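One chain, chain A, appears in both complexes that follow, with chain B as partner in the first and chain C in the second.
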Partner chain A sequence: MTTQVSPKREVGYLSELLQQRPSLDVQAIGAETVAWLQEIRDRSTPIVRELAIPTTRDEEWRFTDLSSLLKVNFAAAKPTSPLPDISSLVLPEAAASRLVFVNGFYAPELSSVAGIPEGVFAGNLWANEIPRWRDYLAKLPGGQEVFSALNTASLTDAAVVWIPKNRSLEVPIHLLFVSTAGELPTVSQPRCLVVAESGSAVTVIEEYAVCPHPQPLSHRRGGQEYAAYLTNAVTEIWVGENAQVTHARMQREGEEAFHVGKTAIAQARHSRYTCCAVSLGAKVSRHNLEIFQTGEGTETILNALTKIAGEQLADTHSTIALNHPYGTARQVHKCIVGDRAHAVFNGKILVPKPAQLTDAGQLSRTLLLSPKARVDTKPQLEITADNVKCAHGATVSQLETDEIFYLQSRGLDADSARNLLINAFATEIVDRIPIASLRQTISQIVRSNPIS
Partner chain B sequence: MMTEGSEVILSVRDLTAEVDGTPILKGMSLEIKAGEIHAIMGPNGSGKSTFSKVLAGHPAYEVTGGEVIFQGQNLLEMEPEERARSGVFLAFQYPLEIPGVSNLDFLRVAYNSRRKHQGLEELDAFDFDELIQEKLDVVKMDSAFLSRSVNEGFSGGEKKRNEILQMAILEPKLAILDETDSGLDIDALKIVANGVNQLANPENAMLVITHYQRLLNYIIPDRVHVMANGRIITSGTKELALELEARGYDWLLEAETAEVAV
Partner chain C sequence: MSAAVKTLVNQPYKYGFVTTIETDTIPRGLNEDVIRLISSKKNEPEFMLEFRLRAYRHWLKMTEPTWPHVTYPAIDYQDIIYYSAPKQKAKKNSLDEVDPALLETFEKLGIPLSEQKRLTNVAVDAIFDSVSIATTFREKLAKEGVIFCSISEALHEYPELVQKYLGSVVPIADNYFAALNSAVFSDGSFVYIPKGVKCPMELSTYFRINSGDTGQFERTLIVAEEGSHVSYLEGCTAPMYDSNQLHAAVVELVALDNAEIKYSTVQNWYAGDENGKGGIYNFVTKRGLCQGVNSKISWTQVETGSAITWKYPSCVLVGDNSVGEFYSVALTNNYQQADTGTKMVHIGKNTRSTIISKGISAGHSKNSYRGLVKMSPKAEGARNYSQCDSMLIGDNAQANTFPYIQVQNHTAKLEHEASTSKIGEDQLFYFTQRGISQEDAVSMMISGFCKDVFNQLPMEFAVEADRLLSLKLEGSVG
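Then we have the complex of A and B:
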């Protein structure tokens, strides 16, 4: 295996990916929006041109080797016709508050916004409300990072959710990004913007899933059913003063997928952000979760569950950047790793001088199901404020013979015993998924594939 | 309750077993008939828990010789769960904590796997609830324990009572109680003993491992065995337990060494 990839090759690779961005169609999008999008693209394009796909020599990518990505040449994903069947992905709780994007393209036919009340906006970017979006889209810090910059430089559309001041939305909003893996490798770059104005409250489910291509493949190559695809997603969430955003992020990409996702959150004074991130799919996945505190007294709750097997690699890099006093942060990151899979977790919490009286806690727990399974976990607390309470812990465990035996001695067979214990490990996080039907689905997935 | 001619539940002959190459059981022999209660006593480290775990099928112990027949079946050939489903129950000396698994779910899964094995219909959550309320009374446990994770944060006594609750639900053919009385106050001891006595009947058998004669005031054994160095060195009636309480084990161990020396 050659890991030496010349920088030139990487640069070329990136600009080729950039070339796959959809063109901005004035007819469909409208001249004003096109001009605005072009402006945003133009700001990011030079950044992309300066950068390269990271290698394991980059500190932030030490354990996540993207060389297999470089072997694939991706073409732009296309909208499908007919549309795929998404019935298995529909959440009853959000049956009338769902935006669906297929291969990155908004699919109004599959979406349903009948349950979105007056004054709240949920729709795609082409709906033309640019003035109020201008200050938010592609405005969060961290946009210089290579995959975020690539996404922004390719910006074509976005799922937008806007909750006005003091409005508390009862129905959850489901943002569903479906990929229909096909015969050729494709790339799509979904984008979300969520703005919760001061005093508002909303629950958002952001989901990445694979759907069988509506047209059967004409031929199968070498036993491999679907080609690889790349999802490079960026989500920006603005949580206004005293507002509350509950966010579930489900990554259930297909087996052959590469998934890179950025979630950037700005938290104003006294706001509350709760995230439950579940990563199950993709061959290689990376989630960058970045919280920027913009006022005092914020509350940040990050829960995550990664369950991988086979040759999967799942990487989460999170940063909680505090900069004001009285913030609290609670993070629990759990990984279940089977076979030869590899989980990576890097959790930064930055507590500079101004962030006095911060109360932060981080816990990383990993369950390794096989001797070849691997985890690299690294807490990174950077604290310069002196009057703070910060704690972190990391555990790596295996299923204990004695625990399995105890269950067997009560009549459970070894597989059921293992599954019960795996499920028990996951429960803490699964229970915090804010939507009942989703909770059930995820718990079934966790329970159903016994990995050895 | 000893009756001639009643069915042999458990027959152990010359059983030897080791862990990581170290022999622990060195020729255990024992026979228990239906309707009988046997007690095993013996010093720390003599192999009592090892014996109970070998019977239950713990994978860490390797059986190197001898045989164990349970109701006519070769127990040693069965997986731990098959043994459980066929009616072998071990109340652990140190019951494990299983965070994230509710006690109620655990009990129902265990119960239904036994039912299924018996060719009976599995009970749904509703019917099981009724059964469990009745059994909770036996061990005087609050139903609040059902919604908690298995043994997590339970006190020592609560863990032991939870073991007896499991036993009461599973209604085993052979119940092995490994020091279920250790660390219990007198009230808890009575509750545990009461649970055992309610279960005991002419069709099943009990093997009670204990250090204390006190328990045997409440659970009257038919036979008392003394284990030392991996085997039974002497057996007797319940009076033997009283004698051990008064004199300790040394006189027996000395006699044993003297015998070996001869």
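Then we have the complex of A and C:
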């Protein structure tokens, strides 16, 4: 889907990253698995070699400058010992259905799968199950851009969730990817695969968070508590016929983090996919969200909230590629931008000729809270089918002075009035987070970081 | 839908005739000598030749843009004739000296140039291939101090004015086609409205491409001094040829304090036949600079012709409280491709802009809206409202929107809306049930769809545009 035009540049940087990929351990995972993973890696490696780290000259990266990334030399993350304390990140709703990866490595000690009923699979790549996964892992349509190709070329392990036919899973599954930023810049490349077979239903929470390093740092470097780290994540979700996947994606990386994530979803006939993506952390973050419709009558609901401040940059590029009739798509993307932060949104909806009777709506709303805050947004429709209903809208504004005045006239001070309005703006999305405790956490974060 | 709509869209192009006339044509190809030749043919001042050569040298270093959502075979720039003019004796002092064949051509196009027949309140500059044939009402305008003439004449008579403003809004290296135009432009209109003058009549330029292998590169420059006001209209037609022709124009508008410029275009170049053969490549750079406080520039365009349209009339809002407006109807049929829209660059405080774009695509055509709204860090209190609606007729047509929104000031306020729909079956049914034929119903609905834009056109042209649209669409709905 994402085409890249950059000529080959920064060759050294990418091959260095490629060099850093963990080797496949035959003893731990078995020869057959190694062979299979190696085959997947080998398919992607040449793609990485062909491509370059995009620059602002690439249309898809016009507003997201990665030059600060190129200044950092990342080394592969290593398994940490002792393991970090994740108690603050545990969701009570998913207390016994949680997979934890620390710096990209599966941490069975921190995970808990006791609550996963039989027949449902939630775990990391596991030899016995591989035949089932062959058709799904790294098989999603759409071209590979450099970061997802790099992830695939470095594929070592993955969080896998498999819901069998007609099974509705009550408990949500929490996929937690924790980074423990250390003294040196590290890179980790998490991978998720979610397969919901026909008629099934599941809620998946994918979360990227930072945890203090379990061992105190020997010295603090120039006011910076942790070194930078890069998370390059890829998630593939297969929604079978009549299946329903509710997906919450929380990005709460550390202040010095770079986060590049891709979520690709294939939606079969009459399936429903709901996504709630929240981006709060990272110095530079980019989320590519790609939906491919593989059958008619699908329903796609995308909600997203980005709240950034300081010098943060948060970029979301979404594509909804319809190709069958009777599809419905609803997208609401909201950004709250403070200080000198910079939000980027590009939302594509493709409605080719076969996608007759599509009903698509897209709304991008941005709140700029400070004089230096900046937003670049581009809702984009490409339509060939004539019997469709498509609309998009975009607004950018600051807080209404009238509204602040009204609240002040009711006895609120200016700051409380502003915060109340900012919360109200965020609530539309926060309320759609499927898990109550998470909803609370996020709403607290939004509230506790007033942007002035 | 019915066959009625199909016949409605597929109206023959009635301006497709060729005028046989003896012409002064230079050999094909482009190099510095050709540019010198054009410059010397027009007997231009020295600074102009330098301007052209500088542009040409820039152009050589540039590459053709590939980002528009259009496809066309590579253009061979050496296979184009860059200058072609009807032969005529010396200088025309009155219309009597203009070749009768030319007058007849313009009469056939509905633009009578002779005194008795002309529209009473519109001054016309008629441009035929590379040169201006005649400019009407010059004396009357001169009384008010308004200068309205071809740009070649302006270069002789008001060189300081031209030198001051030419290239000030669209720099020579602005883009590939603007650079090419700066190097080889042959003629165009020049308008100067002095301080405090409200131009007493509508000004208009009529562009006619006649010759088959020439490219037309015209240049229009409008300067509105403090407190002045002008309304300007351009129209364009071309004969039907099987080959594609390049038309790369540049239009520059400058509005000083409290000035207002209203620029309307009815573009009806030959669009190619129903199989997409022939037609004009319309690669145009239009930009207005609201330099003064409270100035206003308003673009209205009705784009129905051309095989390919690549055109983004823009406003650079520098002066505080300045206003930019863009009203557009773009209609594509058969294999036409349009990638058009606007750029509103807000720089001054409290600048405001409005964008209303209506796209109608029928047949196998592609119609894209591409727009940029940029609020720079200093644009305190800037305001923009954009609305882009598309209507699809038939399921082989394409409608795309690419709105770029870049906001760097938190006090700015911006809204953008877009929708895509087709002509509703139930609406059609309602009309026919009331005894209105399907064809009339479709053309009514389309003119209703475009009303917001047509309302902005000067009266005579609004009627014309409405009719043009229904003619163009004849037979495509059905």
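Please note the rule applied: the second predicted complex is superposed on the first by the 439 of 452 C-alpha atoms of A that agree within 3 Å, B and C clash if a C-alpha of one lies under 4 Å from a C-alpha of the other, contacts with A are read in each partner's own complex, and residues count from 1 in each chain.
Note that a contact is a pair of C-beta atoms (placed from the backbone, for glycine too) under 8 Å apart; a residue touches a chain by one contact, two chains touch by 3 or more.
Here the structure is a predicted model, which means the values were calculated and not measured.
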So, after the overlay on chain A, do chain B and chain C clash or fit? They fit
Is A:412 contacted by the first partner chain B, the second partner chain C, both or neither?
first
*Go through the superposed model and pick first if A:420 touches only chain B, second if only chain C, both, or neither.*
first
Looking at the overlay, what does A:371 touch: chain B (first), chain C (second), both, or neither?
-> second
With chain A at the apex, the angle to the CA centres of chain B and chain C, rounded to a multiple of 10 degrees, reads 70
Name the contact category of A:388: first (chain B only), second (chain C only), both, or neither. second
Inquiry  = According to the stated criteria, A:301 is in contact with first (chain B), second (chain C), both, or neither; which is it?
reply    = neither
Of chain B and chain C, the partner touching more residues of chain A is C
Name the contact category of A:396: first (chain B only), second (chain C only), both, or neither.
second
Task: Check the residue A:72 against both partner chains and state whether it touches chain B (first), chain C (second), both, or neither.
output: neither
Shortest distance over all C-alpha pairs of chain B and chain C after overlay on A, integer Å, is 14
Overlap of the chain B and chain C interfaces on chain A comprises residues none
Within their complex, chain A touches chain C through residues 59, 63, 353, 356, 366, 368-398
So, in the complex, the side of chain A touching chain B is made of residues 401-403, 405-414, 416-417, 420-421, 423-428
The answer for chain C against chain A in the complex is residues 67, 375, 377, 390, 392-422
In their shared complex, chain A is touched by residues of chain B numbered 56-60, 79-81, 83-85, 89-90, 92, 95-96, 98-101, 106, 109-110, 113-114, 117, 149, 166, 170
